[in-house]
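By letter and in written order, the chains are A, B and C; residue numbering begins at 1 in each of them.
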């Protein structure tokens, strides 16, 4: 269970963190992709990760490709099909049939695990847009190339772009200028091979090889696939076998799980909200990805108690509402103190302390964590180290009276998710006054 | 059992090693701390570690904090209490009581394991100073931040300093100037949060929040705690439960072990000295820290046979006496050849060969090793590779006669710790003469 | 089973790959060594490895030394003896005899595992030259020093060189100038220690110490050993015990295996050739080395189907014949498109796609892979992801008809090694015409 992550940099002084929207967009025939790129987002570089948000229109197919990193995907909206050809599974099937891959349905609130090097494709077979947010962990040792994210496309012309505004639905954020694309600048992998060799290898006509190379394809990353029928197991139906299309093979590691549903939340406070965590105990494939995820819901004005992530960075994407966030570094000053909005991304580095207070609309988020069994330590509330410390250590550390130490330890009965109002309105009033006088 | 350490640098040419005293000191109310900082100590940077020495006066409390690295501590002198809130232990205690931490006594010769991210505090409850030397492994992948050591204080004003000389006992090493502090420049973690939110979170008065933030605290890292009573299990008493104070929980991994005592030494030569090693076989928590330690005692003029650390750096701190050391790199030249004294620190890089010869007072040391199961290979003596090599390989490699090869293999009967005198005084005299003539 | 490799660099843009011959040569008394150095070979630096080729004349002894990295050796030609003093084995033999090491015979087609830090020596006891090609993995975390390969010699004067042409047999490649040696610039490890201390430590005469240091030795790395008799187990004879010379100890991990023989090939196409793979399932010591190897044989004009290495770099050394190679990166352009010849080395980075087409003489190679269980994914043929993808995904991805999709999936019945000719000469002719018209 050794972690295998590399720090992105030997020097990474974080003095200021910013809540960010994507810095680049690529419009395709049946959707668009928005990127938080490396080089543009200091905190992401420090955390050794990159993030993308795909919006896939109905009947949109994200072309088959393989990444050089593990990816963890959260389904923000919609439902669709995910296909993954697992490493080694196609190849080891010498005796059996030859159609070894995993195809599964996903829906809002699902986390999808996309192992590095495996071939992935995604299809929106429903009638409303799918929105996916994906974390790419460029620092995991599964990636032996440099720290840049690289996607190896197997079809289409991934550098092609539709004109802005065409083929693209959903809430458009007005933006004066997007930086130039830096990934997917080239063609797909077949484009680099010799025509004659490819013809020999596939034993097909020149025209097919030409289509394989996709030089004249202008559909972008997400193409319109009017007729795409894939038999997949119905939800709840275990390992349906269909020899014509899909076979659940021995390579049948579970690759997804839902954390959107209130059922099975790890923390639930009826007056405050809930937290659901997905780690490698619940979804074992995460052990090899060394990633995990947390889904959070805070009601209006509720507070997530101060805490730190002791073995992971936390990359938070706000899925709805807004929140005030304070993030504090080891010099005791806030590296972030402000509002984060739906659609924004913010990084809480390992060991940095954070408080989250939901706004008037409440706040929902998904947090990707760079450890398959991320641990948080509470700095207040029923599960905090303060409860654990002997009273005399508190008395002497904070220069307070034993009674004050007991207040600090026991006044707040709640644990992780704190209800919006302190339960003593009198104290509230007193405090407000004191703040005004001395604050 | 894969190691998970990162080389601190991609280029790290070690041409000269220095025995070093600390380069910085911070004086607190009840003790002082001396630092071997990164940036100031080339060899430590190359080894990817930093070192601190704390001197804690009687009734001194080192304030609660959590580090971004694993730490391995050796108790040079004194006895005290160590408190560690283990990751996950406070939080998982939903059903039970809420005071989950480990508090244990330590004494001279103990090694303490301080896992990264866990909250630690230390108290000197006895009547003489405690001296601790701590290795911080900034290269372990447990640290996902950059390679700098960072300590996240949870109380006090860690940047505050007492005037030099005040509040500080023990042997003072005169030093013209200390470099400016670079760590702990700021406040504790609570200082960065908003007063109102903290009041809400803890449900306490403004005054308590103010004390929590510690802005006006000038006691430094180690504060005087006249009254600090913690019930801890007596030595030898297993898992005493006291529901008011301390509970030995399911999170009861053993976090310390003694290597100071002659009993149980791994190597013992009654004419030369002894070596005691503490690895993850003996203290399993070291497996996750990927660190181990060695305690050595050489009598007057005894020699530690030439050897190298094949899977670890060795960071040696001299606890008493002095020693001549020769360290040889892969170009066959000595990167160090000199005396090391009590209180000095020296690094022997992985694979570099080293000989240690105690001075007139003998020499004692602790060596921290950057592998939880550090292996040494002997270059002379009964357990050396020379004994293992076929005679003819020696004859041809060294251009010597078969008899000479047998001398090389078998003359020295001892293994690791060699007695001060060669046991053939005649040869000694001959050699002295030959040295004079041809040396 | 977490990989523990570090990327050699944080930035490593590979835009051009070159098939390379060694850039440096060192001639010794009984052979010569040719180096692909770091700093001189961009792709090797990016892959975090270095390579050497030793040619050892009959009765040549490569001097005992220990490397700071794991090494994986392929025996290109000849047969000899390999001695390895395993870490910890000499030392733990307190109760028994003191000659704990492994000595084993090797022959053409063998892979030898040389763990980092262990003492190794090699002897050519036969009557024709031995040629060894060794990969050094400077990026494995077993190496805690910087990313440079370092060899710590225990005998001789490793910086010494014979004049060019002397003492050196075998096919000499004419070369105008070699770059200056950068490794082994110094003496052996004993040279750095004080004479008097070494005399005391070994309890031997000054003359022996002087020979140990080897200052006047001019034989280089590989010395002539006319009389070197070591009893080793006969091939097929399990664990022969000879108390005078060699003992197979509890430290008897198997350190070698043969991949040269056609028997037991993993892939065999009687019209195309074969592939034999050696991973940690077959040779468990590779799990700690995190390296594996592949031996390939392609008959005249046969093709290795396009594929990528999904969890490893592949470092290919051509042992005979020649081949056309195309290597394609994530921008869909060829980073290499040309011939590679016997004796040349070429790197295929992780995830990059490659096609190999043997020349008129056929082609044989060994590929070292930077993962103990390297996985390849096929981009064409019976085991490719294309077989696994649903037909409709192909139709939409490539804008082709269902019939064309089926051709792409099923026309090529072969898997990994493809026979030289497409099996439909008619199509061949059609394609040639189409190429001329539109290609």
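Convention: contacts are C-beta pairs under 8 Å (C-beta built on N, C-alpha and C of every residue); 3 or more make two chains touch, one makes a residue touch a chain.
Keep in mind that this is a model prediction, so the values were computed, not measured.
The two sequence copies subunit B and subunit C touch through a face in which the numbers common to both fall below half of the numbers used overall. Rounded to a multiple of 5, the C-alpha superposition of subunit A onto subunit B involves a rotation of 120 degrees. The centroid of the Cα atoms in subunit B and the matching centroid in subunit C are 39 Å apart.
Counting partners per residue, subunit A has 2, 4, 6, 9 as the residues that reach two or more other chains. Of all residues in subunit B, only 2, 4, 6, 8-9, 61, 63-64, 66, 68, 83, 85, 87-91, 93-94, 98-101, 103, 116-119, 121, 123, 141-148, 150-156, 185-208, 211-212, 214, 217, 223, 225, 227-230, 245-246, 290 touch subunit A in the complex they form. By the touch criterion stated above, subunit C contacts subunit A in their complex at residues 2-7, 9-13, 46-48, 303, 305-306, 308, 310-313, 326, 328-334, 337, 349-351, 353, 355, 357, 370, 375-385, 387-390, 392-393, 395-400, 404, 407-408, 411-412, 415, 418, 422-424, 427, 430-431, 434-435, 438-439.
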